[in-house]
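Quick one: structure below, then a few questions.
A, B, C and D are the chain letters, set down in written order, and residue numbers restart from 1 in every chain.
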Amino acid sequence: MTLTVSGLVMVFPILYAFLISFMQGGEVLQGSLWPETFSLANYVSAFERVPLLTYLWNSLLVSVLIMAGQLILCSLAAFAFVFTEFKGREWIFYLFISTMMIPWEATMVPNFQTVQSLGWLNSYAGLTIPFFAMAFGTFLLRQQFKTIPKELYEASQIAGISKLRFFTGVVLPVAKTTITTLAIYSFLTAWNMYLWPLLVTNNEANRTVQIGLKQMQTQEIASDWGVVMAGVVMVILPTLILLFAGQKRLQEGLTQGALK
Amino acid sequence: MTTMQHEFTADRQVERKRAWSNWATGMLFLLPSLLLFGVFLFYPMVRTVYLSLFLTDSQGVPIVFVGWENFLNLFQSTSFQISAKATALFVLYTVPAGIVLATALAILANQKLRGIGLFRTMFSATMGMSVAASSVIWMFLFNPSIGLFNRILAALNISGVQWLLDPQYALLSVSIATIWMNTGFAFLILLGGLQNIDQSLYESARIAGVSESCKLRKITLPMLSPTLFFVTTVSLINAFQTFGQIDLLTKGGPMESTNVIVYSIYKDAFINYNVGSASAQAVLLFVTVLVVTVLQFKIGERKVHYQ
Amino acid sequence: MKKLWIGSTAMALLLAACTSETEEAVQTTDATAAPAEDTGKTEVVFWHAMSGELETALNTLVDDFNASQEEYEVEPVFQGTYEEALTKLNTVAGTDESPAMMQVFEVGTKFMIDSGHIQPVQDFIDEEGFDTSIWEENITNYYSVDGVQYSMPFNSSTPVLIYNKDAFEAAGLDPEKSPMTYSELKEAAAALTEGEQKGFSILNYGWFFEELVAAQGGLFVDAENGREGQATEAVFNGEEGLNVFNLIKDMHDEGTFYNSGQNWDDMRAAFQSGATAMILDSSAGVKGMIDNAPFEVGVGYLPVPDDAERNGVIIGGASLWMADDIEAEQKQGAWEFMKYASSAEAQAQWHVDTGYFAINPAAYEEQIVVDQWAEYPQLKVTVDQLKETQANAATGGALISVFPEARQRVVNAMESLYQGADPQEALDQAAEETNRALEVDAAKNGN
Amino acid sequence: MRKVELKGITKSYDGKQDVLKAIDVTVEPGEFFVLVGPSGCGKSTMLRMIAGLESITSGELALDGKRANALTPSERDLSMVFQNYALYPHLSVEQNITFGLHVKKVSKREQKERCKEVCGMLGLTDYMKRKPRELSGGQRQRVALARAVVTQAPLCLMDEPLSNLDAKLRAKMRSEIRQLQRKLGLTMIYVTHDQTEAMTMADRMMILSDGDVQQIGRPLDVYNNPANTFVASFIGSPPMNLIDAEMKDSVLVADGHWMTPVTAAMKQKIGSGRVTLGVRPEHISLAKDSEPGFLVQVANVEVLGTETLVTFDFGEATQWIAKWPGQSSVQPGEQIRICVDDRHLALFSAEKGERIVCEAAPVKKVSL
């Protein structure tokens, strides 16, 4: 009972957005809950108004690139923090952690200038590479790698297996669950970026879908809420599907005690 | 003996070489991250600290060195005091409530029931919602004339609330929306934490005839504490840096009641072109988050029960 | 060190993936631009902040221009809100990334002039002997300083009073007669306030305050609104400003005022759902309001205090600016587009599509406009209000670079009224804070 | 087969305190050498130093006579079995066994063959495709063994490999490992805290305590002639009974009133003063009517079938255990008379607990 009620409360805003996206002009402003007819007109205008398909594709590409980059860099760094020993390791770790506290808004202008001088404006490189290094992900993976018995590492040392081979052949597969979790997390975060993609792109060819959402809202004249909500649905649908599809896998990973 | 010593030095050399190669390997693994951090975080941060001591032109080029003046002005400005207070309140509203909610949902969803997967999906759904999309929806819910909340209140014969327009409620309203947006992520992590708790602990508690609330206090929460600690840390840092929903829902108003420091930084830097003042605020924010996080580690680690 | 080498290869591959994507992207951009190059057209990049239906209308305008001639290809790119677009321009001004043409909102005027990266359109006007008299004087007034036309007015709007005719009738008021003075407004609001319905609402947005002050002939800053020299002090806390604040305060205290916040859509929702019977809105929003409201909509002039002389309105909206550091061909292309956009036909279409004013009054003679006015007689009211405006320092609008900040201060002061603040104190505080911003700005510029 | 020499090996983490103090030992080729001691005594550290997983602070490690201090683990050509088996959870049994063989340049075909052979040897043939978590504890253990064996390294190190198994399985695996080692002729260094394992498996063993070598020797020698009280109480189950005693005139007096006469030779060795006196449980017997004996009260009786353990109060604070063959009918609370063969009395110095060696005296039953 509690479960059902809290479940409905949590998803209500999302359902509401879906419902509104099917409503016609007047219905929205009179505050109806249920559309009189399920019209797809809003979706049609949403697609007409902005190149949604291009945007969706770009979002997908950017998110996947960022995800891949973050996974590679974070797991490499986390591996170094757990399985290699060198002077200053702790110090560098704290340096990493401290980056989480730097407000992103404060770094935006210098970063824009950097990207500009690298000639990365209007490119996927400019959209993605600045996000490849992520303290949160490194932290998460480091905690996970720490739970890997150090004997696994020692056994491979005795067998003469190289660090890199141990990394790819043992650490990554063993930490699969956490890596999946992180992958989903970074995909979603990347998908939801707005201000940065707006700054570094100057044309529609590589803009992302969140900008499209903003493009549908207006300031001085009335926004067409039905169309905006249709846009909202188009923006959240891919991530919701990913979440629902990944849910079971995530769940499995979380429950499976593996060899502990 | 000399050969022994000779061999020993030889060993030391090999070891030193190996230590160096270890260091090099470690650094090589870290290099990509360090490089990007350096370029996209540390460099701008250093620049921010530098700029906080200047007045700049609209393009952020320093013109006049003013030393601590930007900071002094901030401390004297009521606007900044309001910002600081709003930030503190926002953190206070969102972090504890968000964690309690997510924990409660996680405990609810950790039962073994048929179809529980559906509820888990429902609870984690907000994780798939972008801030932009969520804000649009919440703006609609909060709308004083056609929004759902006021219509519910009206149905209950309670006069409507100006959710986002009344300085008394605006921060609270934004906090409610924020809690909702952040629940999905916290829920997923906490559910994972719950599922890692050894079931035998509950079995022995059941044999001892311990009450449910006692089980919660004595087993679940202590065993969940490392996860809770992690979630708290991340939530705290995120709360201090919340930007999107403020921009979309209230733009810092009304009467600056939701003008949290990050938003104030954004406004100063991008709308008012006071890069110096914005930089000074960024430095203060960074220091605050750093102090809070360190404190949290100091206090939190003592209470955390590692398995 | 073989293992390490593999590590860096992985990185290199990833980077390569990124760059190859980039190249691909660049190629696709080239591909879309290719026809332009084939026909030898000069590309003119045009940054704007028009979203939603406005963007559709803008794209139509641009397409028509591109189809109308062979030499230039204007490429419109949405860059976020006015603020975001300006921020972005600010970061790229003077570089290769800079657009040839840029839409900037009215409060950014002084900022643009000071930026040093713009080409005043006056040079082209002089060169061609272009007749600027075809432009609506009250619009061009805003964008010219010391007789130099800096930018080309584009989308312009003014505030108007919008009211619910059905509610007027129900309250026993004449639905064809909108309140013209503050006391008429108060009376009407009192009559309209009933149950869930409040009488009147103003969006908490600095623009409306500026307009209400200017309508009485009041200035915003000294030095004749900054047009006779560098403004150093805010004067909006004078009598005219106080009139406006007292009006809001009184109505709020009487319970006839509805606080609709800072969001345009919220205000409109309040009007359309019957939460308030009168609002101030942009002339650009009138048509949509008439279409969507489930009742008859009336449009009237901005009210003024009973004893004040009506000065008229300041022009709002945005204008088109030309970048300085671009090739002459591109400048010419931008100029051609500006001329095209100000032509009667283009302006007529633009006016009909968006509700923004035609900067070229001849457009109102065009058939499509005549047809639309027949259908929406309310639209004519907005134009009349502008036509009747006296051209002076007050209606010319203030020229300060810290305008965005000043607006925030005013909004703050407006909001504090609802919390019971004293109107004069609230205004004084906003003025004082604006003065500080002016001071800091002056310090930056070394004055 | 491999010879392992440790010469003055010392380990220190902080540079001040030594966790291992100047260890000298040689493990002969083909020998099954057991390192035994309580947890924290440094035995695992020592094994890991041999493996190359820990650095050597000072001293020399030689493999087959060649200095090996600075060699990496893989350069030492050895295999190791870990306490938790260190199986790769994501790999099948077969993959686990062959993982790493490619480094040793073993061809794919040979890898398969070797794996098959080893699996056959260890009864894993039916499980080759399974993942570790689908195996029982004993099977996982065998996989870990197989992984060590398959490398054909001449030296095998084992770190408490049986501690995660139940008692019955442990006994079985002990014997299997021993047989395997003999069959393959491996040099084995085996760490355990379980003295039974040490006793039953070792060719020779080293008893460690607090980083110090207590004794090195063949199991029976150690059992029969423990070098000190530590070894005496650590080796043997139940452990050797110990009690403080004082030399008074020519008798040893324990706990105030238990007395035993000693031979002149012993007396000379002891001198005067305090000693610790030890007796193995199996050397305590019920006194026959004709023999002198002590009257003690039985506190507990454990009948194990082939033997009986009798716990009785000895002195104020001490309980001793006697082990008798067969099934005794003694009951708790009963008063019994016991006696000890004085030939089996072990004496240790009171301060350092070192063994005081006396030449064998003629067997004479004495009463304490």
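Keep this in mind: a residue touches a chain if its C-beta (ideal position, glycine included) is under 8 Å from a C-beta of that chain, and two chains touch if they have at least 3 such contacts.
Note that the structure is a prediction, hence the values are computed from the model and not measured.
Visitor: Taking contact as defined at the start, I'd like the list of chains shared as neighbours by chain A and chain C.
Guide: B
Visitor: What pair of chains is linked by the largest number of C-beta pairs in contact?
Guide: Result: the chain pair A-B has the most contacts.
Visitor: Rounded to a whole Å, what is the gap between the Cα centroids of chain C and chain D?
Guide: The separation of the two C-alpha centroids amounts to 89 Å.
Visitor: Using mean C-alpha positions as chain centres, tell me how far chain A is from chain D in Å, no decimals.
Guide: Roughly 56 Å, centre to centre.
Visitor: What is the distance, in whole Å, between the centres of chain B and chain C, each centre taken as the mean of its C-alpha atoms?
Guide: Their C-alpha centroids are separated by 36 Å.
Visitor: What parts of chain D, by residue number, touch at least two of the other chains?
Guide: If we look for residues of chain D contacting two or more partner chains, we find 72.
Visitor: Tell me, which residues of chain B touch at least two other chains?
Guide: Those would be 25, 29, 32, 146.
Visitor: Spell out, as numbers or ranges, the residues of chain C touching 2 or more other chains.
Guide: 3-4, 7, 11, 84, 87, 91, 265, 269, 273
Visitor: Every pair of chains that touch: which are they?
Guide: A-B, A-C, A-D, B-C, B-D
Visitor: So in the complex, the part of chain D that touches chain A is made up of which residues?
Guide: Residues in contact with chain A: 48, 51-53, 72-75, 78-80, 82-90, 99-101, 103-104, 132-133, 147, 151.
Visitor: Quick one: in the complex, what on chain A touches chain D?
Guide: Contact set of chain A toward chain D: 149, 151-152, 154-162, 169-170, 173-174, 176, 258-259.
Visitor: Which residues of chain B touch chain A in their complex?
Guide: 19, 22-23, 25-27, 29-30, 32-37, 39-45, 47-48, 60, 105, 108-109, 111, 113, 117-134, 136-138, 140-141, 146-148, 151, 180, 183, 185, 188, 191-192, 195-196, 230, 234, 237, 240-241, 243-244, 262, 265-266, 269, 275, 278-279, 282, 285-286, 289-290, 293
Visitor: In the complex of these two chains, what residues of chain C are touching chain A?
Guide: 2-4, 6-7, 10-11, 14-15, 17-19, 21-22, 25-26, 28-29, 32, 45, 47, 51-56, 75, 77-82, 84, 87-88, 91-92, 95, 97, 99, 157, 264-265, 268-269, 272-273, 282, 284-285, 287-289, 291-292, 294, 317, 354-355
Visitor: Which chain A residues qualify as touching chain B in the complex?
Guide: Of all residues in chain A, those touching chain B are 2-4, 6-8, 10-11, 13-14, 16-17, 20, 28-31, 33, 72-74, 76-77, 79-81, 84-87, 89, 92, 95-96, 98-111, 114, 129-130, 132-133, 135-136, 138, 143, 163, 181, 185, 188, 191-192, 194, 210, 213-214, 217, 225, 228-229, 232, 235-236, 239-240, 242-244, 247-248, 250-251, 254-255, 257.
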